[in-house]
Every structure is written in structure tokens, then in C-alpha cells.
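Here's the structure we're looking at; comments come further down.
The letters A, B, C and D name the chains in turn, as written, and every chain counts its residues from 1.
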């Protein structure tokens, strides 16, 4: 795939897969306000995913799975529903199976902190579509980060149990952090082309923001080593956890049963 | 007695009773029960549709469905707020729901078995809900009536979206058309049951109508729904599963077959296909969230103490 | 479908779907002995399902889903992996999503008690294949029932917690009991043809066995009304719970991704 | 000292040490650790393959896979029984496993990502395990050696089944062939890592060999595995992902590339793709089962009391 398409798939798949995990909370949140807020975040990410997948398809039609000739399924849906897990380019952090409320809050905090810093720079992308997606996304991600940051603080300072849980969640998720912050060759190439942003360029900012949330919350940053991949390959290379193919079996089931369907 | 006269006068003028106004205790209790039941229905109603969010067959439909289920949470929120003006908290009501002490609309005790059900629920179930609810916009209790205005607006939007999904599927493959028909076959009768038992078996209707909490009888609303829906079914190209359904020139209304009231009472009584599942799901979410609500309360208390200290 | 095919699908789908739920316990049981025993039961039921689905396909090839002309997928797999939930004919009891160990024990107890009594009579089926399947199954089901009966007793008489759990499980499952014991038109027709057994003919025996297990365990039979269907239709008519299509989305995912696959 | 001499003589004669025999405390501890680690590997090893039971693409393959995973539970059972003859219970060992105090074979910290992995694990992972284990059938401790004889027999059967699955898939569609190749690409290097660090970085090997607990060095076994596997890969029609892999006439053995020891140590150290997941899964099963084990104990006690009373 072209660099731009590959880059859009990365950012789009992060959003799509995280949206899926967050929307699993629908009708299951601790109270209605959080149910609504989590649905909002899932909807924002789903919106970002749609734009990014469409951009990937336009940038390089060869990334779009083929379907029977008369299939009316649009590109965004072909990409979402007709790729196997190994063709997804999201970080593993996005796909981990759901934990408790502390886990989803911490996960949103990590993803949104990184993505917001990235999108702020991406507003100056040489690709006008990416720049526009980023501009719209910045407002959304600011809300996601603030929502998650407020809850992280609340849980960290709430009860002993909530503190224990949020610290455990952070410990479980941080090993996946490096996958976001280390530069992947496709990111480097996209940045070199002026279309993308090298995560290295936002590393300090992201670390600073995260450090501030932790510090206000009185939580130490855990000293965890990065979770290994396989021969150096991780989510961005299509090497995922066991959870992703299981998730896709469910999310893709109806679409795949009707490759010529109209919805 | 003076208070009661003022209350009766308010009803007589079709004015709104407001939370600060005096009201008879039975009126209050009936209202709390009705609004709570309605709020519970919105919250439980998130489940049958929520069942398909993860499997929505297009990203556009996923967004529409997620937003719709989110709206239902919002409706629940307004309605619980209305009960709070009557002095009953959301926590109390949720506990009555998960303990089985309070009910919700029986339609949600039916399962959703295909993606077409998302459309059918929008078309038939939301359609029936709207028939029930539009009159409630003019209900005597102010906060309830105002909540209903907002809810009805959103429900109409949902209904159109549901109908549009079915319409789109009918333009799709043969399998999709069969899915729509099968879904309508399952939901038609339960939708008719949504208007409640026949008038002669609905003892509370008279009092509720006198209080302006209810403005039409069950059978009136049911007839209105049937008459409204038949042409929509034709436009869609589906058959409603009732051989007795026919236009009656004389009554200028549709005749229709007998509802299976035995099934109705079984489902109302707790033995429907999903009663146990729905309440268990809600109870689990509520129980699982207890530590979070406690943390939020503890945090708020600490914040207050810090502010007082400062 | 022909009566014989329809009847074999009912018995085959009961076994297939229950096997699936029981095998979810693999690597999750309270101890290794139970892990092995549950896998054994799942394997036995899977074996019964394969024979019964093959018999259904032979009795009436029209029940077998069509696949691309060059597909090598055998009939048993077409039936298992290429039917939608509404084409499955199992009772809902078989498909309910997994609960705790008390739940799976109670479920096996109910299913095996009924099925054993049925299979004992089915050994005299006019259909030689069914008779042979039943003869083999009787030995297996005797073990299943005894295993579940022993554990039911152990849990009922073990600790307060285990007793509470097993009574709760029985209360949750009994509403689905009537679906097994009430005669379905296809069962009546199969019995009339001499190939099948009318559940009414084993009702007393089944109730007696179940009553004995409960009585030894000191557990009262709960007074639960049957769980309603929709317009009188339940699992045997293809009207299932929400859990079945979700289960099939997973179990069928790989097979459906490769309709021409050889495995 | 006499006891020690007898023990040494037993080893020298390649006779078996039995549980009732005297043995040095370090021998016992090393044995417990090794057998426990092996038992844990069988039990944790249920997970990567168990991950695909629900998604097995044919009923025949589902039955084969379920039976195989069940066999692994059985192997765990024999091996824990062997440690019990050394005075350490299964419960103690399971608690050491779920607390992270004891390890298991690192290969199971890799994920299974397609159905082909079920075949590849049979072929490569069980194949490597057999190379490691066949010599253990002649190990000095009797119960361990006898357990290994039974286990090796079953493992060979599993290996053939795995290879047969891959062979069948290679005769299938292009997608299936690609699945097999991709799976082999992922598992080849981790399989080579199964023999442990290179001999010069394996400090315990000498003592274990002296005790007859180990009979070949890591590098010897690794070489044997490579030489055995290369022709099988050719027969299968897959490429092993090592450009340096080549027959060396002089050594009459295959040369092969450098293993990524950095990845090896990361995975051994706990940071592999699935370490946390595997232990959490086992811990959850163990914790969730506590009430059942307690019930069984309580019931057995009651039974005994009744028998005593009678």
C-alpha cells in the first residue's frame, strides 16, 4: 500500500478498534452519565475511523478488499468488515479485551493523550483531508482526554478500592504504550512526506501531559518494560493479540454473511 | 380541601401541575410509578438494540444505532430527573427495577434475533411508543410533559431511521428481504400488546384519565397504531402476519385479529423470553458500577472538605 | 424437510450446541479432573451431533446449505457452520450463555437425564442409523448423567455457597425444561413413523430420575412457569435466545471465511 | 554417606531412583522444579490451542483439537502426580504458578493467531517438545521417566495430527496455504528457542546431566530438531524463515541463523506477548473454582463423618 494509505489505516484502525471496545460499555456503565459519555467517545472515534478509512481507500484503492462485482458495499465497510485481523494496523492497546471501568478510563486516557498531541500537529498535514480530519478530531479528543483524566483522578483519589483498581489498570496497559510512541517505518515515511507526524516529535509533550495527570492523581508511573511482539512485529505490522480476531469474528459476522447486502 | 380544589381546577383548565404544587398522594404515587416505569423502559430498552451494536453491518448503521441507544439513556435520564422532582431518586428507582419490584415495557422482554430487528423496533416499537406518548406531551404533570415533548421528537426521528433501514434492506438481496419479513412477523403482535390489555381489563385507565396522566384508552391507541401502520407496511412491501387484518369501511378503521392475551400475561408476569436476562443484565451493570459510584462520592466529599479548609 | 431429517436436526443440534457450551470450560474448570471430564462430555456430544447431522443430510439433502460448486466441505460441516441461528432446531436450554460451575453441572444433569431416557427408547428406532447412534449414546449419556448427578449432590450438600449456587442454577434453568418435555409436532410425526420417540412417553421416567437426584440432594424442585416463546415458537421452531447467533458468529467465523477450504 | 553412595551407584547403573529412595535435597528440589515446570507447561499450553476450539473450521477438527487439549490436561495430571511422590502437592504448585513464582515453557507466551497455528503447534512446538522429552523417558527419577514415556507417545500422535492438518490445508485454497506459511513464519524462531539458551549460557546443564535429569545439551537437541524439521518443511511445501538455513556437508548437519536472544530473554523475563494473559487466565480459573473445591472437600468430610457414625 502507499505510505499515505498505510498511515491512514493505522490511525483509522486505532479509532475503529478502540471505538468497538468502548461501545461494549453501552448499557453497562456505572451510571447513565458515564454510559452516555462513553457512547459519545465511541461515536467520535467511529466518525474519525470512517473518514480515515475512506481516505486510505481513496489514496490507494489496492488496500480495499475485493467483493463480488455487483456488491454495493462502500469502501469504508469493505475495510472495516472484510479485512482479517492481520490486515489491521492498530496498536494492540486499542484491541485488548475489556476490563473494568478503571481499565477503560485508563485506556482512553492513554489513547486520547497520544492522539490529541498527534492530531494537533496533523492539522498542518500536507494532505488536506488528513488535516481536516485532524482539525475536527482535536476538539473531540480534548474532551476524551479531559473526561478520562477527570475520572482517572477521581478513581485515584476516591476509595482504596478505586485507587487499587486504577493503579492495576495502568500497570496492565503501560507495557503497550511503546507501540504508540515508537516510530514505525510507515509513520517515519508519512512524516518525511509531510503528510504524517512522527510520534517522536510529540513524545515529550505526550509524556508531559501524562505525567501531569499521574502527578495530580498521586500515582507513580509504573516501571514496566514494553510488551514484546514477535520478531519485532506488533500491532502496526498486523501482529495482534488473540483478542482481535475474536472481536472481528463478532463485529464482521453480519456484514460477511451478506457480501452483497445494502444497509 | 382548598389545595385539592386548586389541584382539580388546574386539571380542569388543562394547566400543568408543577413539583412545588400540592397534589394528592395517590396522584403523586401513580405518577412516580408511571414515570419510573417509563424511565426503566428506556434503560432496559437499550439492551435489545444494544445487542446488535457490535454486529452492525456497516459503519454508518453502527453510528446510527449507537447514537440511538445513547438517546435512550438520555431519555432515561430526563425521566428519572422528573421523578426526582417528586422526591424519588434514581438510585431508589434503579434498586426497585433490579429487585423486580418495578416493571418496564414488556416489549423489551422479546429478543432481537437479526439486524432487521433494529429496523423493526424503530418502525413498530418506537411507532407504538409514539402513539402512546404523544398524548403524554399534554399530560398534567409539568416535568413529565416537558420530558415527553423532547422524547417524542427524538423517538419520531428514531422511527424514521428504523423505517429507512427496513426500506434499504428491502432494496437489497432476497435474504435481506426475508430477514425483514421474518422480523416483522415476530414483532407485529408484541407491538400491538404494547398498548396494554383491552379496555375492559384495564382497571386503572379511568383514574389516570381523570388525572390527565392518560388521555386515551388502550384500545383507542391500538386502533390508531394499526391504522397508521398498515399503509406503511404496504409501502415497505411486507405482509403483516394477521389474516384477519382488513379495512372496515363502516368503522373507517382496520379490523384485526385477536391478540394472544395469554402470551401477554405470561410476559408481563415475568415468564417472557427475556425478562430474567434483561433484569440480570441491568443488575450486573448496577452492581459492577457500585465501586465507581462510591469512588465518585468519596472524591466529591474530599473535594468539599478541601474547599472548606481553604 | 422430511420428518426424519427434521427430527435428526433437533437431536443433533441439541448435542452440537450443548457441546459448544461445555467445551467453553476447557482450561477453565475448578480442577484438572473436571476439566478432563467436561471435555469428555463435550466430545461425546460432538460425536453424537456429527452422526445425527450426517443422518439428517442423508435423509433429506435439501436441509444442507448450498456452497460454491467446487466446495469440498462435507455435509456435517455445512450444517454446523453454514446455517443461521434460525435454522437451528435445538432447545434453548442447550444454547444459554455459560454461567458458573453449578450452572453447567445442572444443565448437563437436565439435558443428559432427558436424553438418556429418550435414547434408551430410540435404540428401537425403525431407522437403523438412529438406533445405532442411540445405542452408542446410551453409554455416554449414562456417564454424563452420573457425573452431573454426583456433582449436583456434592454442591447441594457441600458448603452454603455451593448450595446457594446450585439452587440458583436450577431456578434459572428449569423454565426451559418444558421445551424438552413437551411434544413438538416433528417429534410426534417421527414417533408416529416409528423412527422417533415422543417425549411424552418418557416424561414419567425422566421426572422420576430428576426427582430422585433432587431428593437425594435435599433440593426442592422449583415451581417455575415455562419460559414463553414468541407466538408459541421456541428453540425447536428456530426461535432462539439472543445468545445463539452470538455464539454462532464465533463458531462459524473461520469456516465461513473459507467456504472452499479443506481442513 | 552410605545413602549417598547408593544414590550415586543407582545413577551410575542408569537405574531409576524411586520416591522411597534416599536422594540429595538438591536433586529433589531440582526435580520438583523441573517436573513442576513441565506440568505447568502442559496446563498453560492448553490456552493457546484452546483459543481455537470454538472456532475450529470443521467438526472433525474440533473433536481432534478438543481431545488434544484434554490430553494436555491429562499430562499435567500425571506430572503433578509425579511431584506429589516428592512431597509437593498440586495445590501448592498451582499457587506458585499463578503467583508467578514458577515458570512454564516460554513458547506458550506467544499468541495463536490463525487456525493454522493449531497445526504448527502440533508440528513444530510438539516436535521440539518431543526432542526435549524423549531423552527424559530414561531420566533417573522413576515416576518422571514413566510419565514421560506415556506423554511422549501421545505427543508424537499430536505431532502427526498437527502435520496432517497443515498438509491438508496446503492442499486447500491459496488463502489456506498463505495461512500455513504465515503461521510457520511466526513459530519457527520461537520453536528453536524452546531448547533454551545456548550451552555457554546454560549454567545448570552440567549438574542436571550428572544427575541424569537431563541427557543432552540445549544446542545438541536444537540441532537435532532443525535437522529433523527441514525435510518435513520441504515435504509440506513451506519455507522456513531463515535465509542462512543450509545443509553443511562437513558437519553433516544444517547451519542456521542466529536466534534473537534478546526476544528470548524478554519473553522468559515476563514481557512476552502473552505472559500476563496466560497467568491471568489460569489464576482466574483457579480462583473461580475455589468454591467448588471447597464444596467437594466439605462434602467428602461429611461423607466420612456419616460413615464413621454408621
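Descriptive notes on the structure:
The rule is short, and it goes like this: contacts are C-beta pairs under 8 Å (C-beta built on N, C-alpha and C of every residue); 3 or more make two chains touch, one makes a residue touch a chain.
All values derive from a computational prediction rather than experimental measurement.
Chain pairs B-C and A-B differ in how many C-beta pairs are in contact, and the one with more is A-B. Mean C-alpha positions place chain A and chain B at a centre distance of 35 Å.
The geometric centre of chain B is 57 Å away from that of chain D, both derived from CA atoms.
Centre-to-centre spacing of chain A and chain C amounts to 41 Å, using the average Cα coordinate of each chain. Along chain D, residues 55 each make contact with two or more other chains.
Taken residue by residue, chain A touches two or more other chains at 245-246, 249-250, 253, whereas all remaining positions touch fewer. Interchain contacts give a graph that is no line, ring or star and is not complete, per the touch definition above. Residues 16, 20, 23-24, 26-36, 39-40, 42-43, 46-47, 49-50, 53, 73-74, 76-77, 80-81, 100-101, 153-155, 157-159, 161-162, 165, 250-251, 253-255, 258, 260-263 of chain C touch chain D in their complex. Those residues of chain D lying in contact with chain A across their complex are 48, 51, 55, 110-114, 182, 186, 189-190, 260, 263, 266-267, 269, 271-274, 276-277.
Contacts from chain B toward chain A in the complex involve residues 43, 46-47, 50, 52-63, 66-67, 69-70, 73-74, 76-77, 80, 90, 115, 165, 168-169, 171-173, 175-176, 281, 284-285, 288-296, 298-299, 302.
In the complex of the two chains, the chain C residues touching chain A come out as 84, 245-246, 248-250, 252-253, 256-257. Every residue of chain A that touches chain D in the complex is listed here, in rising order: 85-86, 172, 175, 225-232, 239-242, 245-246, 249.
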